[in-house]
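Presented below is the structure to which this report refers.
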Amino acid sequence: MLPESSRHRIRVTVNGQVYEREVEARLLLSDFLRYELGLTGTHVGCEHGVCGACTVQLDGQPVRSCLMFAVQADGREIRTVEGLAPDEERLHPIQEAFWEAHGLQCGFCTPGFLMTVEAFLRENPDPTDEEIREAISGNLCRCTGYVNIIKAVRLAAEKLRAGR
Amino acid sequence: MQIQGSVTFDAPPERVWELFNDPEALRRATPGCERLDKVGEDRYEAVMSVGVAAIKGTYKGTIEIRDKEPPHRYRLAIEGSGSPGFVNIDASMEFVPAGGGTQVNYSWDVQVGGPVAGVGQRVLGGVGRWLIGEFFKKMQAELRADAS
Amino acid sequence: MATRYFGQPIKRNEDPRLLRGRGLYVDDVQLPGMLHMALVRSPYARARIRRIDTSKALAAPGVVAVITHADLPANLQGPLPPLIPHPTLKHHKTQFALAPGQVRHAGEAVAAVVAESRYAAEDAAELVEVEYEPLPAVVDMEKALEPGSPLVHEDIGTNVAAHYTQVVGDVEKAFAEADLVFEEVFRPDRGQAQPMETRGVVAVYDRNLETLTIWDSTQAPIRIRSGLAELYGMRANQVRVIAPNVGGGFGPKIMMFYPEEVLVPWLAMKLGRPVKYIEDRREHFFATNQERDQVHRVQVAVRKDGTILGIKDVFLYDTGAYIPYGLIIPIVASCTLPGPYKIPNYHAEFKAVFTNKTICSPYRGAGRPHGVFVMERIINRIAEELGIDRVEVRRRNLIQPDEFPYDVGLIYQDNAPLRYDSGNYPGLLDKLLKLIEYDQWPARKEQYRKEGRYVGLGLALYVEGTGVGPYEGARVHVEPSGKVWVATGVGTQGQSHQTTFAQIVAEELGVRVEDVEVVTGDTGAFHWGTGTFASRAAVVAGNAVALAARDVKAKALEVAANLLEASVEDLELADGQVRVKGAPQRAVSLGQVAVAANPLRGTIPPGQEPGLEAARYFNPPQSAFSAGGHAAIIEVDPATGMIKILKYAVVHDCGRLINPMVVEGQIHGGVAQGIGGSFYERLVFDENGQLLTTTFMDFLIPTAMEVPDIVIDHQETPSPLNPLGVKGAGEAGVIPVPALFVDAIEDAFSGYGLRFREVPLDPNRLRQALAEAGVPGAGSTAA
Amino acid sequence: MKPPRFRYFAPTSVDEAVELLSTHADAAKVLAGGQSLVPMLNLRLARPEVLVDINRIESLSYLRVEDGHLAVGALARHRMVEKAPEVAARVPVLQEAVRHVGHVQIRNRGTVTGSIVHADPSAEMPAVLALLDGSVRVVGPSGTRDIPWQELFLTYFTTTLGPDELAVETRFPLPPAGAGWSFMEVARRHGDFALVAVAALVTADETGRVKEARLSLAGVGGTPVRPERAEALLAGQALEDDVLAAVADAVREAIEPESDIHASAEYRRHVAGVLAGRALRAAMERARRGGEG
């Protein structure tokens, strides 16, 4: 028979906003973001840490939100795709680049890619194609064959460098 | 999945045969065996928690000793099922005199199904081999303990 | 002249929402009081169900209901309706909502648990006690035909669901007259589409309005709507099916029905609360349809100049435990085999075989990769045997541009004659050779060999039947704001319909693409249609959209003619206005025209319908045939069997391009899936029918590190069969990949007599084969 | 795929953690990076009653070079090791190996020590621990002890850590100055578990012959393997083809790989020998250049 599952009060900052909730210990961070906070931009593709669709940023670094429990995010900063664009009018340069380069088709894997690429380009503003491939190899896409995603990352890097 | 091998015991086949027919010894030697209750002639109900590290599953099932030819050979038929799926084992054990001792030749046909089969393929063979090895090590220990 | 939109690489209308994480996928639908379903699935491939005890599960916290076959109403107890019948399909066995006393593949649904959360539902599912009596399973389609084989369906006394033969010409005569005759056996193995979004269904029933609303990750919402209404004994207009954003489809999402699609709406009605089911990835591996395994025994008759006299292909198609989708895949396989070549005498025969494995239904390509694999392997074998260059053999057998329409002599999947509408295959081949620099290849290859590197060039040609009927429709409606609203029945899973259809409308009505909103996959918005499959949406729905837009244009001119006191001939539509040619100041906005076309007072001319709106349908007489060629240069490390794709080139002809950027995106994705199916992705079943690959740790979808850059060139041979002259492009990318992949590897080791007859390959198989062939560095094969 | 129920504790000190572990013993499982454990929880194949999350024990998040060792605290993520200049400078083979661990999202969470005590025989970190003759420092109710790698790994996912012991640090002895190194891996895709991985460490004499050579392999059995006879063969040798052929044979004899759907035992045997040769050559190349990256 299954043991009882403990509940915990947590305080998490998501996209700059503070949320306080009581959660069951086993609640995955991905499910917390999607169902407790209604931030459904973070998608769930495999729940075993391979596909990368659920990638969010934990204190600025990309992580699999399906491999963390919400309770572990207590007191931490989470950034999701909803926190990327500066406002309703403008997209983030990386989002623009994905748009212009046709870097998405069904769009399901896209938020995970965006959160991975945003962190990558902060560390490596002028990457080679090989570095780009390595950086996004933890995100699976079944539509694009990655060709236009790589193009988009290259374009995003240019935009960001120009903006700096 | 076929797992074969042989182990030597330094006791004559008659003694080793006894050992391999002693439910208590079998229970103690079977990795993760929590319960082994006789429910008929050569028929037992068992509860086993099998696996490695955190990846353990509890299986309920039956163990049956078949085709006995004392003290030469028998077959173990093990059927268990639980949340990680099911395990069916058909193990033939042969007890051959070797010097003063006995060589036990075994051939286990292990069938694993359900979630664990769909996820664990990378290590199932190795883990199975290891668990069976543990079983025989413990049986050797049982024999020694008995001798002393 | 007004701005042109058709044919332009225009940014997609759908992207801003998706990029902000504001798409609506089924799992994003959250309703108050929503319940969650989890399924209890059989761990056995074949077993009798002796007993099911749900009491412990029912007692578990948060559980609302636990359902077994016995609890289902009569209309859900029987086999679910067959999707596509065929006269030779004698035993059209279909799947059940919940297994009735026997399971026929591992993962088949046995019981449904409904609880307050998916977590609670999964807890309880573990507590459902099912007592199985395991039975010997049929796993291998060839063994399934042996006498004494266990039967997947005892009642029919055989594992053969159908046996179908098509013959062109006189095959026996061809073999009698041949200079060279040979036989080969080819074995493409089983794979799966694996869209990044698994399947999902949400349903809510409104007791007051007596309407059932369903969000379903399906490629065919209208069929699902009609099917469910029939199944539940409701009027079609009581059931609304919405396929919102769908996270990739590639075929398996056009099934009717998956058990969950009938269970969830029924549970929502029964329990009076919204119910959600989201398939998890592990379930997806055995509960969503699979495809690809076939065994082809092919005999070939050739003249010594390399021209093919006849082909006899006898093959087996493994359909899994049931065959709801009928014979589409094997029929497409045999109809795709001839490809761009003239095969005067052709015997195509197959048996569809039941096994205790997951159901097969079309996955991107749907038999086309098989046909191309067999045909292109044959061509290479001819080249080897006769010592003629493989490209020359292709040339000598190609259908010529002046031979269209070209009748292959077979009946295609749409039951219409297999007649190629248009094409230029020699043109494609020339472009391809240029792109891959074939003329320089021999020298390069020699150079590589000098450096001790094994590098090969592979190529393959194909013809792809696209745009099958029966029909699609569309409504185009101009709002008083001047914005245009388009609704069509096809669902969309990333194919960019919100953009390409908008381009078609923008072109006709002279409005901006971003001012055209396209709604797809909502039976509440448009309720006639067939679905998105077989590379048909752009062709069939696209032309319906064009026809409707042209009607709206005609009406706009008529109405505007009155407003502007000008004659229709003198008017044009541009920049969102109807204006007098040459006198752009005399203009009315399209919005004003829309208002005038729908006056609140006054009158409308007799015969004219209110509103600036039109709905039209397009029924293609037959399929339109796209074609293409792919080539790749691949390096192999013989010591490890690891490969690297150094170059990949595609030449593609899908008639007139609506949006080249979108078409190229489709090709890129298809090629990536083809590479997966050639070297990485394989579903492995053990001898008992256990699927050993149920995670992305073992079923290896290529990452950005495995997929190379892809160069693409287009050829545009318009289809005479539709107003837009378009052909489909959805599957093109995947079709020839296994064929050219194997070709490249054989070329890399030319001289060693290597012949690969199975896909996918993998480092292990490849290294083994190289070792057996005595390739230096590959090592010995002594275990 | 939702994890089963469990009770969750997040101790903030090692003592607190050890106390929890000794209270719950076999029922408890330590949660560090979670990149291996949480998938198994989601798949409901691992079902501990209690999770002891050590991510709040900040004192365990460190890298130190001290008394001839690189000491890696239990909360040092793969990414921390990957980026640390002292690792690049003093233990470059570790940095190279870490790059082969999963993908950036995994390396941002996963810990080196967690990976080692998880004892996946195909994983990179245990092989590097073996290569450098490292050890793991564990704290239990009866105090602190160091477990050398030879005594640590029992078999697949199984170590000699007691259920009430917490691994707090991994200790990698620094390779001798000027040692050449190499880490090579064959995996189905980038970031997948190794079919076979080989790490090599070579010191050369002035004539370019091997002074000392070490090899360590992953993916070739239940634990990482150091092929001693192969290493012995190399002493005093130049890396000629015949020497490497003999070494390859010795490597193949030293291992007992299993077959799985991705690679037969025979494939692994063959490739182990091939990679050993390649890794030794690459390591020697670096040794000649004085061991710089």
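Note that the chains are named A, B, C and D in the order they appear, and that numbering of residues resets to 1 at the start of each chain.
One rule holds for everything that comes next: a contact is a pair of C-beta atoms (placed from the backbone, for glycine too) under 8 Å apart; a residue touches a chain by one contact, two chains touch by 3 or more.
In this text, all values refer to a predicted model and were calculated from it rather than measured experimentally.
When chain centres are set by their Cα atoms, the one at the greatest distance from chain D is C. Interface comparison, B-D versus B-C: the pair with the greater number of contacting C-beta pairs is B-D.
Once the centre of each chain is set as its mean CA position, chain B and chain D turn out to be 32 Å apart. Taking each chain's centre as the mean of its C-alpha atoms, chain A lies 48 Å from chain B.
Look at where the CA atoms of chain A average out and do the same for chain D: the two points lie 29 Å apart. Residues of chain D in contact with at least two other chains: 1-5, 43-44, 47, 190-191, 193, 261-262. Across the assembly, chain B contributes residues 83, 115, 119, 121-122 that each touch 2 or more other chains.
Residue positions 119, 123, 126, 280-282, 684, 692-693, 695, 697-698, 703, 705 of chain C are each in touch with at least two other chains.
Chain pairs recorded as touching, per the definition above, are A-C, A-D, B-C, B-D, C-D.
On the chain D side of its complex with chain B, the touching residues are 29, 37, 40, 43-48, 118-119, 121-122, 155-158, 193, 221-222, 258-262.
Residues 52-57, 83-84, 115-116, 119-123, 125-127, 129-130 of chain B touch chain D in their complex. Residue ranges on chain B touching chain C, taken from their complex, read 81, 83, 85-86, 88, 111-115, 117-119, 121-122. Looking at the complex, you find that chain A touches chain C at residues 2, 24, 26-27, 34-35, 38-48, 50-51, 53, 80-82, 84-85, 91, 95, 98-100, 102, 104-111, 114, 129, 132-134, 136-150. Chain contact summary for the complex, chain D toward chain A: residues 1-8, 10, 34-35, 38-39, 41-43, 47, 49-51, 53, 55, 79, 102-106, 108-109, 190-191.
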